[in-house]
Structure formats: structure tokens, C-alpha cells
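All chains are identified by letter, namely A, B, C and D, in their written order; residue positions are counted from 1 within each chain.
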Amino acid sequence: MIDDDSLQEKCGVFGIYSNDPSADVASQAYLALYALQHRGQESCGIAVCNEGLIKYHSDLGLVPDVFSKETLEKLGKGNMAAGHVRYSTNGSNSRSNAQPLVVRHIKGAMAIAHNGSLTNAAVLRERLEQEGAVFHTSNDTEIIIHVITKKRIKTDSIEAAIEQAMYEIEGAYSLVIMSPSKLIAVRDPHGFRPLCMGRINGETVFASESCALDSIGAEFIRDIDPGEIVIIDKDGTRSIKTHCGANDGLCVFEFIYFARPDSVIAGASVHTARQRAGSFLALEHPVQADVVIGVPDSGLDAALGFARQSGIPYGVGFVKNRYIGRTFIQPSQEERDRAVRIKLNTIEATVKNKRVVLIDDSIVRGTTMKRIVKLLRDTGAKEIHLRISSPPFVNLCYFGTDISSRENLIACHMNKDEIRSYLGADSLGYLSLDNVTKLADNAKCGFCDGCFSGKYPVPEPAIAPKSKFDNKINKTE
Amino acid sequence: MIDDDSLQEKCGVFGIYSNDPSADVASQAYLALYALQHRGQESCGIAVCNEGLIKYHSDLGLVPDVFSKETLEKLGKGNMAAGHVRYSTNGSNSRSNAQPLVVRHIKGAMAIAHNGSLTNAAVLRERLEQEGAVFHTSNDTEIIIHVITKKRIKTDSIEAAIEQAMYEIEGAYSLVIMSPSKLIAVRDPHGFRPLCMGRINGETVFASESCALDSIGAEFIRDIDPGEIVIIDKDGTRSIKTHCGANDGLCVFEFIYFARPDSVIAGASVHTARQRAGSFLALEHPVQADVVIGVPDSGLDAALGFARQSGIPYGVGFVKNRYIGRTFIQPSQEERDRAVRIKLNTIEATVKNKRVVLIDDSIVRGTTMKRIVKLLRDTGAKEIHLRISSPPFVNLCYFGTDISSRENLIACHMNKDEIRSYLGADSLGYLSLDNVTKLADNAKCGFCDGCFSGKYPVPEPAIAPKSKFDNKINKTE
Amino acid sequence: MIDDDSLQEKCGVFGIYSNDPSADVASQAYLALYALQHRGQESCGIAVCNEGLIKYHSDLGLVPDVFSKETLEKLGKGNMAAGHVRYSTNGSNSRSNAQPLVVRHIKGAMAIAHNGSLTNAAVLRERLEQEGAVFHTSNDTEIIIHVITKKRIKTDSIEAAIEQAMYEIEGAYSLVIMSPSKLIAVRDPHGFRPLCMGRINGETVFASESCALDSIGAEFIRDIDPGEIVIIDKDGTRSIKTHCGANDGLCVFEFIYFARPDSVIAGASVHTARQRAGSFLALEHPVQADVVIGVPDSGLDAALGFARQSGIPYGVGFVKNRYIGRTFIQPSQEERDRAVRIKLNTIEATVKNKRVVLIDDSIVRGTTMKRIVKLLRDTGAKEIHLRISSPPFVNLCYFGTDISSRENLIACHMNKDEIRSYLGADSLGYLSLDNVTKLADNAKCGFCDGCFSGKYPVPEPAIAPKSKFDNKINKTE
Amino acid sequence: MIDDDSLQEKCGVFGIYSNDPSADVASQAYLALYALQHRGQESCGIAVCNEGLIKYHSDLGLVPDVFSKETLEKLGKGNMAAGHVRYSTNGSNSRSNAQPLVVRHIKGAMAIAHNGSLTNAAVLRERLEQEGAVFHTSNDTEIIIHVITKKRIKTDSIEAAIEQAMYEIEGAYSLVIMSPSKLIAVRDPHGFRPLCMGRINGETVFASESCALDSIGAEFIRDIDPGEIVIIDKDGTRSIKTHCGANDGLCVFEFIYFARPDSVIAGASVHTARQRAGSFLALEHPVQADVVIGVPDSGLDAALGFARQSGIPYGVGFVKNRYIGRTFIQPSQEERDRAVRIKLNTIEATVKNKRVVLIDDSIVRGTTMKRIVKLLRDTGAKEIHLRISSPPFVNLCYFGTDISSRENLIACHMNKDEIRSYLGADSLGYLSLDNVTKLADNAKCGFCDGCFSGKYPVPEPAIAPKSKFDNKINKTE
């Protein structure tokens, strides 16, 4: 109802391998996807493998809407499951694009769940089509399937085929792949997207974030290394590290916004990183004020960090309506400012007659922030000092984040003071580029901050990241 | 609720081409599929082409359940549409098997709707997989797509690719194919399944049966010839007849049970054929009786024919509950005979103290017929003389009818008198094999009556017709 | 989609009493309502009594849509159930009007299911409101509840209260009433609507029609007498006959159209009555023709009677689409004639170049019949001789049939020849008023044929039958 | 999925009166109910009045589930609307209990929405039934309707009838009543439940909490006085204050838990009251610790107050899954402790190796708190000091809060140290009874703290608050 101009990340993936041939892996996948829901709310799916037979179900909608008790029972027991939640940056919003994709090739069935975005998808697809390939979806995960399948013909194992395929596919990919007998986790050489491994009662699990491990009571073991292929089957767990080495591209925005604050990525706490962002902001852009408040939920951690560093009291400035449903009422243009209050209302006692420091994680188009600032003014805030816990967005992302065009980025069209004026704030401060990679200073990896700096760990692709393949097929839902 | 042991035919197909680029082809497809619903109640789908862009929607369920006003509006206007209703003989009961299948290959998008069954599917699939093909469904329509796509690389047009592909695919196929600019109808050389062409206001339509033409007010033009490829595009209609000539395999069961009585196939009225079957039965197996009744709706036409030929009065013996819904109540074993009355009840005034001739089109397992006979006895029928308007089923069908195993065929395990005794009838007469092909004596084609005679127009395949590809992937719905 | 101008009868009722305190009475009610579905398709409901505790569920929709396995399980086991299917003639189309109505008064709970219409509803409601009564629905069943409740305060038993109430309520009512310990069937003194009793394994059941007894395997015992109150409780079955005697008002249209042909009412077979109507028609309005066809399903029985009497062959002229769903497509005005073919298509082989006798049960507005006649013409019928198995409608019904205004009755505005001309038929013959009451000549009662004759068994009420109370409350659904 | 042992409040009410006869009052009611959703998640409803005609819709479910765009359009425009959200303390969980109740009596229709609970409901109902009253629901709102209706017969206006009725009904009631021409707000003399008035563009609105006014952009005018009747019609707004004076019973738990923190009740900010509760706790039960965390969302405000007063840093200890859906998976008993993490997970960086002060608003059964404490231990908290921002629950509530039995109250069965030990905390401190009424020290009213103190503003009823009328009728849904 209110224009949502927050950034969206593409997907979350999950996999589980049990030594018990009839484990309730479907329910565990369900719980884990529920915990990963923040990574994609458009569609979701689970595939279960029972003695080599793969059953699956996927659809548009949130995890608890798509999966009922009856659906999970139909999926049944098994020794492996793969799961996926999706927000579409690439591939249209259609049921057929829901993952895991499940296909059958010369060596049997394969289920695949993918988080990321290929940078050479168009080139690969063109080449595959010239060889007679048929595509059913518009997402680049299907390209990965074709490349692996081609390699599979000439190799002895699925993992050897994946290893070969990795020489051809470029870009960001954290994958969970399920063959009739193996569960395989793969992370691209730069490690753009997170992927970790855990264990519970002898079951091994893979997940995009550690919060999914917590949700099923699994213990965190380690991150999958960038470039690594981890294979689990009845003979145990082994690893192929041919493509390892780079480890220089973890998306810094995972720490700023995407990941859940209770997750630990590359050894660094997401919550701590956000609090640090607030502290840095207080040092970089100090201000005299009466209270520090965060935009819920994205700005709360950084607001706490700003408050602690500055000594200005932390306050609760807003109430967010807990009953998020799809409110369909489209307010008329003139009611729109007012309408923001349905989802977010101010607490007058906190902000009236106060000089307020307002914290959020980022500004994309600025339309929502403009309304929030006005809301605070209407509630009686005397001054509003806006602090953003990331640098301005000025570049596209090719690796799975939904920044596909500079048109919608306010920082590409206005300078800082114009933005401040547009938003109606008394002052505006962004986190510096220098500090952004220090947020997770104990992280065991290098970062991609290309959306801020324009410097990517790989050469910038010639082609725009969005809508590469959508133009010929659309599925209405 | 009551065991349904009637035979199921696989599919119905439909296509429409308009010279108006924004015609309401989706609604016309909807109405036509509604008329073809008897050919498949498991899933259905419609694909619409608008200036080369294909949108589609399909799902499990009946036509009016799958398509709402909103869904049709989302499909939008266009100059072409293809539609499909499906009962799965081959490929499991899953949403991903719903048709039309819509894919993209090297030359653009393609939608395909298929009625029939390939006899060399397993061989073709094996070969395609060895070349790296990836399959998303378990139905053999996807194999046809791959064969055509492979040919398409080296040919100038989609129709040329189809012509080439027809040298490789064997078995039964009536196809409606939609490319971004062409609508194409294809019928296999033996013409196992019907396919006809009609016209309305300058729009050309293809449909499995002429009743679908009637439903949208279209005029019947002609049947597609066995082996023929009919192409419609902006330059008009043309035909490729390379594969024509055989025309010897029209499924005789279309006349006995599958097709709607108001359809005309190969120039012969289905209703008339059924009435003739009744007349033949009266000549072959005469009996002294007071009334002739048919099992609704499948036996009514033949009952009328029997009555006219024999002079015994035609009567209405049963009322069928008009409100067919999915009655979920599973009666206990001992209540099952009684429970038949929920869907079908006797009219006492017609049968009590009467010698009854009871007509139905066929007997598969015999369980339902046994209950119907008992129902008549309980209502007071003095004698029950069962007449079946087809010969006994003793052979499999490889061409799209759901007779996939001899296990379920009562006539494979019992002789005629044992069957009569099992069913509880006083006498039993089947239509003779000689007369079965005389039902539609003015039809302009030869028939396949392999399910009765064991003689097929092509060599009998080595492999059983069912579940060729299901064993590795299942999708729960 | 096609204007439905057939007559609608209001309701069907059902009740069951078991000596087993935890019988599956909900499932039996479900099956019986499924068999009574033709009496009302708008809403339905079931109330179950378990040790004095009444649970119920009702909603808009068909029986298999409103009741799922889960819903029936929630209703649970019990020793009594009451059920209802409804078409609203009186009271708006709203969920709150669905029956059985379940209320609690001074002596405990009460569930009531009603078929019929009161003629003094407005007067009673006015009086009750002046005494402080509060109404939740707009249907007159709630008035019956209030009258009974008022009587209940001063009487010793629910049956005594009902007996007293019957002195005040006037018009048509067949009721099934369930108190915590008793199941009671009531029929108004004139017996406008049918109500019968059956038995199965020691359980006693009441139903509007005997076909509902058949559906659960119950044996028909007898009709409830007009004016009779039958009470069943742990002490057995007893009867109050204070109001008996008149027995002169059974709606003749039950035989012509409303009831299912397999039902037996007042000792007469509905199917036989319809066949007789056809025979009378052949005698009254003979014609030279080649085939007799009926409009499915309402005209089929009479067509058979006409054919037998006249010697003209009976034929199948139409195919009705079996997959009745709510087809939402609204054809444009000019497509409407064509659109009739979606639900009803002609069989060319039966009618082309033939002189056709076309039979239906009645003509209300005439719009549908006009389209059917045109359909036959378009299919090539040479002559069309229309025969209607009832006299012309020229009067209102106050007793539960949906004839609430003369505006919509074609016979009120045109003479017979004008109607023939409007419909496009070559000749038109109605059943005579004399013969209409001879249809069920063995019936043990007198008939109301007021809609044809203008003579009612009671004085004609001053107030129009429809929409008495709707004007103040509406519930959107 | 996790046992929810938080307290539930019964309802929220809303009303709007516009001078525009075709205002979009339904949409405004929708938005306001969305903001009041926290007061009841079981059912909801809206009634709209258009030129004296009342339409309504209500059902089980959340506001965005029950109301679609289509439903609101069917309700249509009007000059008045009344709305309700409900959690059932009294009356079973059934669709027929959803409000507003809409009835018709001698003077026309009436819609009523009620928050509260009568203490003499059983007595009134008994009396009404003896006079012949019929009840359709099991909630006491229907009793209020009957009492008003009886008075209405002898009075000149609906407001006079309400004034008279208030001499008879006892207990808690905040009402919004809509007659064909008037919108009326009523609050019981003790003012147990809140009710306020606002204005927007000449429209007057009533709502349980001021946050509902904010959600539609309305300006807060004032609270309805305890005992006051406010009437709005075309002649403007007027007030009847016959019953005013007591103003001594506002439920203190509105400030502790029920109301939204952005609401202002009786002139006091709910958020500030909760922060004050935390400050009082810090003074009453000081402790040496490293971090103060609150249980989201109920304990966060008090945690901030505790932190500020104590000087111990405020921290974010938990992440709550934002995607609240109905997670149906029932974990096995042994998995239950682990399963709490699906909805609530700890942030290790905040609590590991720390001495933690944990704040929540109340303890009912203690089962959830026990799991939360264990969760903190498992995450590595060194010490856990539990502080509760209210006194122990030891008494029932008769005025609309779901404390209907002492059985479920842990503080009725254990002393403070036993509770601490059961929960697994290192120390436990409750807010004192003295301080609880000081939370909202600027509130313009007296409080009811009977659930803590056992002292109520009215004599304690003899009858238990729950399930007064449920035992005779149940409706399954």
C-alpha cells in the first residue's frame, strides 16, 4: 500500500541430509525457510528425496501460506530435502520460476536452489539455445542446470560436473543441489552470498544464514568457503576446493540490511555490525539532540549504536503494526502521507518538542523516508537529524540485489544537500565508504561494496542485471 | 466416492487464430475447453499470444475452477490462443504436467497442447538425455518439444521442423502448437485422435471435437487429415501433407464412449453411432423383456437404439444427481453398495416387477456395474438382461486411453458366463467385434480397435504404456 | 450465464434420530442434503445434537462446497441431526439466512429447518416486535421460532408449544425441529409442501422427498399427514393430529417440476406423473411429426410419455454439459443466442430436416425457450411443435414457489398465439387445467394449483409474497 | 505453535459519522480496525448505514483476511459505519458471535459493537428468556440489545432507551451503536474500557484507542466520559451524562500490556507508562548486570525505562520473526524448548557471557517465560535477572480480560521463590502494587487493579466470568 522502496535481496537456500532414510526433513526445511523468509517473500518451495525419488512443492506466497500440514505430509519422509525462498530480481514474478527447480537428466533427477545472479547468463543461454536447449523459466538457475547437465555426460559424478561447470558460470551463486543420493552445497569463488553448514543429531544442514540453523536447533559448524563444493552422501562429507582462493566479494549489504541481526556471517555478528555502523555515524556526523530513534526494524540496531556512542538517550519513536497482511487499500494521492500511519505510527511522548536523531540503514528512492520525516514533524519534532548507516547508493548490483537501474536511486540525481532538502530533514549524514567495510572488522573475508564504490571484485558486465529473459514468455498467476 | 471404473481418455486440445491483434481469444478458449471438459478433468490451461508475447495459466482442476474472470483478464487480449484439458494416463497427476507447455528455444517461444501418447517416448527420451536434454515434466509432450527444437536449429521454419520431427515421433498425437506468429495443427499419420477445424467471423479454430466449435458458434469446416500439418499466420492458411496417407487408426472408442454425442467425427455422428450400437446389440442378443434402460449418461443412446430395434419400450430407469461435486465421504465397505444411490438412484415405477434390458457402453473392472445390477434387484426388477455396446476389453491401449494393465480388465480373468454371474445379471451380451467398426459406417477413415481385437495399425510397442517416466520425480500438489 | 428463468422452489429439509448417542448423523445428513440439492442451491446447513448440546454449520453454497470432511468432523457424532438446503424466495440472499436456525430460549436450545412460506408473516412480525422481539434474519422461519417460544413459556413441552403455535401461523410449512432431546416433524394443515418419514437400522428420518431416504439406504415408511406433528425421543415415536383434516393443498408443481423423478410423494411416482403429463399432451394436442425430444432434464420424462402415446419416435435432441460450474463469462448481447450452446447443444443427427415435437415442463418468462427454439431452427429442424406439460402460469404463489410478480410471467401479457409467435414455434400446446390434477391420480390428497387456476385452498393474502422484511437490513457476502 | 500464555483482551470498537451521505466510511472503518487489530484477532466486522439501510459483513479471521476490496465495495458508501475486532473471552469462538451484531426491532435496525463484559449477564438473560426472548449467540452483547429494545418500546428515542437500559446492565461496556439515523457511543459508569472521540474533515469518529484515530488521520478530541452517552446525527453532537460520576475503574492493564504504545488513554501516554514501569522496577529491584533486554514486543518499553534508571546499557537480546503466520507444526514435547526459536531467537553478541536483566510485562502460566530463560542460558548468558513490570496475577477479571480461572495463574500456586526456581532465573522482581497505579500518574481517572489487588470498583460477582452461555449451542467453523 505504501510504496516500498527498500532494497530486496533475491533468495534464501536450505538443504538437509540425514542418515535416517525416513526422517521428517520436510518439516525441518519448513521451519528453516520460515526463518529465512526475510530473504524472499514472493515464492517458496521444498523438494524431498526418499530413496532416490524426489517429490516437491512450490508456489507463490509466504512459507506458511504455501505449505500446510497436508502439503508437508504429501511430501513425506526422506533422507534429504532442499528448500528455497525467493524474491525475483531476475525472472518475472511467476509460479514457474519458484524454486527449487526439479529436473531429470541423463543421470537422474536433480533439485537445485540458488541464491545469486549470473553475470554471463545471456551469453550462456544464447550458446545453450544454439545447441538445442529448451527453457521453461526465465531465471538463470535453469542455465546453471543446463551447464551442469552438459558436463555430467562426460564426467563420472555430479560433483565433477559441478566443478567443471564452475569454469563457465560467472557471477554470484550460493547453491544447494540434491541428486538422488547426494546433497551438495556450492558457493561461487568470490563468495558474494553467504552459505553456512550446521549439524543436529548427526544430520547435516546447509543454509543461507545461521538463523535458519538456530530455528531447527542445529549447531553452527562453519561457512562454506568461497569456491568450495561440499558433498554429503552415505560415505560422509567431503570437499572440493579447486575454485577456492578469491574470497573477496561478500556483499557488505548483508551486514547493513539483508541478513537477520541474529545471524553470524563470516564469523561476524550482523547485529554487532549494525550497532558499529551507528557508532561510526555518531563519530562521523555528531549532532546536539535529545533523543535517538531508529526506523523499525531496519534502523533500530544502528540507532542503539549511535545512542551509546553519542550519549544521547535511545528512544522508541515508532510503533509498527504487527499484523502485516496485504492491505489492499490504495490511498488517493493526497491521502498518501497520512496513510503511512497505518503501518507505522509515531509515539508522541518520545518525539514531541524534541531534537531527534533519526537512523535508517539506507535511502533508495527516498519516498518513504520523506513521509517518515513529515510524520515526525507533524508529531511535533523540533529538529530532525537524519543519519544513514551506509554510504549513498550510486551504482548497480549485478550479484543478486535488486538495484537494476540508476533511475530509481535518489543519490544519482541529487547531491547530499538536495536530498536533505527533498526529505525535509535539518541535517543528513551518510556512513563513509571507508567505514563501511570496517563494520564487520573481524570477518574472515573481503567485501563487495560495488553499489557504493563502483568497484566490483570482477569486471563490470556489459549487460544490465534485470529482465534478461522475460520478454518472450509470461505466466499469469 | 464410488469407485470409478470407467475408461478415461487423455486430453482435449483447442487453438484459435484471429486477424484482430487484440481479440478476446482467452474467453473463446475458455468456452471451448468448457465444452471439451469431458475429455479431461484433471488439469487445464490456456496460453495467449499477443504481438509475439505468450502469457499462460494452467492448474489442476476443472475449467471453471482454474479460470476466473480475473485470470482471463490477466491473460489479456491477443491474436492467438491454445488450450488444453487433461486426464493423465502418462505423467503423474501433478501441476507441472498441466498443458499447454510453454517453453523458449533458440527461435523464440512455443506453446504446445497434445492429445495422444507416443509409442517410442522412452527411446526418444533416452537419446535426448544422452545429448544433454533436461526434462521438467514426466509427460511425453515435452519429448515432442525437444525433437522439434532440435530440428528447428537446422530448418527455416517451425513447420519445417515439425515436418522433420514427424519422422521420429511415433504413436498418437493431435497437436495444437503456437509460435509467436503462427498457429499450427498437427495430426499423426494414423489419425488415432480426432482434430477438426472451424471458422467464425474470419477467425480459424482447431478443436478435438466439433462440440467445441458449436460452443463458440463456429462453423465446422473439416477434419485435419491424418498426417497433415495445417499452418495459419498473417499470410493465411496452408497445409503440409508429406505424412498423409495412412488414415487407418481412428480410435473406435471415441464413438463408443469418449466423444460427446453432439460431436461429428470423420463425418459420422457420435450419437448415431451409439444408437446403431444398440440396434446391433438387439439383433445379436435378442431377449423378451418389458423395458430397456440405459446407465446414465454413457448407456442412454445405445438403449434408445436397442429399444427401437427390438420394439421393447424405452424407459428412464435412473436419476443421476445433477450436482456432481467432489463428495468426499468414503462409505465403509458394507455401506458401499448402498452408497451408489447417492450419485445414481433407481426409478421404481420404471423397473419394479419388470424384465429389464440394461445397457451400458463397456465394462472395465465390473465393480460399478455389479452395484448397479444389485440396485435394480433391490428395486424389484424381475430379470436383468445386460447388454454392452462394445466387445470385451482384453488388450492394452498405447495411444492415449487409460488401459495400461490387464490386471484391472475383468474380461482378461473371467469368461463371459463368469462375468454374468459375478455381475448378478440374468443374461449378458457384448457387441461383436465385426459390428464395432460398422458403428460409424459412413466415417471417412479406418479404425483402431486394438483394445478389443489386439490388432493395432502399428506394431505393438515392447514397453507398457504407463508410468514411463514417473519414477524419478514427483510433484505433490 | 444464460438467464435462468426456470421456477425455483424454496427449500429441502431433513432430520434424523438415532438411539445410538454417538451415531454419525452428520454424515447421513450430508448425504441426504446432497440428494435434496435440487430443492435449493443457495445455502445449506446441518445441526447436530450430542447429549443435548447442539453444534451447527451453515453457509452459502452447494452441499459439497459448504461441508468438507473437516467440517463434518467438527460437527461430530450425536443422536440427532437436522439439515436444510435453501433457495431464497423470501429473505435476501445472505449467509445469516442460512438454515437450520439455531437459537436458545427459556427451555434450552432449538434448531429449526423450514420449507414453505407463511402468509401472515408481516402481521405476526409486527405484533412480535411490539412485544420487544429482536430479529436477526429476514426470513419467516425466525417468526415461527418466536411464536413457538412465546407458547413454550406457558406449556409443558415443546410439542405442546408447537401445537399452540399452529393456531397462529398461516401458510405453508414443512418443519424439522430439534430440541435437546426430541426430533419433531411438522406439516401445515393443507400440506402444501411434502414431508415424509423413513427408517434405517432403528434410526428414524424425516425428509422433504423420498429420494433422500434412498440416498442413505433408508426405507420409506409414510408421508407426514398435513397438520400432523410427529415427535421422536427416547420413549419412541408419537403423533399429534389436532390440526389434521384439510389435506387439500399439495403443490401440484412438485409433480410437474420441483421434485426429483425418483421420489414418491403422497403415494404417487413423480416420474410416472410426468410421463402421464406427456401422454395427456399427446391426446390434447396431437401433431404429425418425426421425432419427440425433451429439454434436458426437465422435459425428458414428459417427452417419453408423449412419444409412447403418439407413436412418434422418442429422440435425444440435446446434450447438456455435465460440468456445471459457475461459468462467469457474460456474453455480449448479440452473442447470447449463440451462448446457449455452452450449456446445451443440439444433436444434429436427431433433428436436422425433421418435424420436431419439443417438450418442456413450463414457460415462465420465455427467454430461454426462445433461444432453444432458435437453436433447433439453426440446426435444421423443419417444424417445431412446442408442448408444455403444465397450464400457463398466470397467478402468484404465496406458498414457497418463486412466482412473486406477474411482471415476469409471459402468459400474463400475451395470448397463446402471441407466445407461440414470440418463441418462434410452429405450434404450441399447454396441458389443460383439467388434466393437471389428474397427473398423480393415485395421490392420497388434494392439490393446490393456484398458480394456474387462481384458486387457492386458503383465502388469497393481501400482501405480495416477496421481500417482506428485507428493506432494513442487508448482509453482504 | 508455541503455547501462547499472554493475556488477551476482548475487543476493539470503532464508529464514524459523516455529513456526506455517500462517504467511504467502510474503508475508514477498515483502516481503523487494522490499527485496533491487537485488541482482538479472532473475528472482525463492519456495518455500513446508507440512507437508513444497514449492510454488514463479519467473519472469523484478521481484518485483511476478512475484508477484501470486493467485500468493501459490496458494503458500499454511506454516512455511518460501525466496526469491531474480537477476541472471545465470553461466547465461544464462532462466526455467529462476530460483531457488530445487526438486528431489527420495532423501531428499525440497529448495529452494535461492544468491548467489555457484563457482570449480571446470566441474571439478565434468565429474566429475558422468561419473557420469551430468543438468543442467537452466546455473547452478552445480545443481552444489551434485548434490554435496550425493551426500553425502546416505551421511550421516544434510542438514546433514551439506552439511558434507561444503563440502570439494568452492570459491568464493563464501551459501545458503538448505529441506528438508521444516529451514531451513539456509550461508556459504562466506571470506565473499565477506553473509548475516545476524534474528528477529521467534519467527520466524527469513535474508537477504543487513539492509535485508530491516527491511522485515518483523525484528530483526537477527547475521551468519552465514564457513564456518558454521546449521540451524533444530522442535528450535531450531544451528550447525556445521567450516569457519569464514578470514573474509577479504568483497567490498569491497558497501560501495562493491552493498548498500543502509541495510544494516549485518559490523557496518559501508554509508552511513557511502560517506560515508567521499568524505572520503578529498577528502583524496587536493583541488580548488578551488564545489559538490560526486553521480551519483544511486550517488554521493550519497560526494558528501556529500567536501563535509563539503572544506567545498565539497553541491548537488543532477541529477534522476532516478522512473518507471523499460522505456523501449524506442532513440535514434539522434547523439541518444544528448541522450537521457541522459530518465533524468537537470541542475539548471541548481546547476551553471551553477560549478566542479563530480562524484562517482560507479566507472567500468566509461566510456560513461555521458562523457555525464554532457557534460551538465554543456552546462548551463554551468565546470570538472568527477571523483572516483571506488573504485580503477580492472583485474581480473576470480570470486566473483559481473559483471566477466567485461577488454575492457570502460576502466582496462585507458587510463591515468588518457587516461581523464580521454576523459571530458572537467578533473581525475580515484580512491580509493587503501590507503583502500579502510579504508572499513568497524569491520568484523569481512577484505576481497576483487581486482578492484582482483589479490590474491584464494584462488588465481586458471584459467578465465574467465562462460558456463561456456551453450554447449549456451539457453532463449528
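Structure notes:
The criterion applied here is as follows: contacts are C-beta pairs under 8 Å (C-beta built on N, C-alpha and C of every residue); 3 or more make two chains touch, one makes a residue touch a chain.
This one's a predicted model, so the numbers in the text were calculated from it and none came from an experiment.
Common neighbours of chain A and chain C (chains touching each): B, D. One simple way to say how far apart two chains are is to compare their mean CA positions; for chain B and chain C this gives 37 Å.
Look at where the CA atoms of chain B average out and do the same for chain D: the two points lie 60 Å apart.
Taking the mean of the C-alpha atoms as each chain's centre, chain A and chain B sit 47 Å apart. Multi-chain contact residues, meaning those touching two or more other chains, do not occur anywhere in chain B.
Chains touching one another, given as pairs, are A-B, A-D, B-C, C-D. Partner chain B is touched in their complex by these residues of chain A: 52-57, 71, 74-75, 101-106, 108-109, 129-136, 138, 142, 145-146, 149-150, 153, 180, 469, 471-477. Note for the complex: chain B touches chain C at residues 27, 30-31, 34-35, 37-38, 41, 62-65, 68-69, 72, 211, 214-217, 260-262, 264, 269, 271-272, 297, 300-301, 304, 308, 313-316, 318-319, 321-329, 335, 338-339, 341-342, 345-350.
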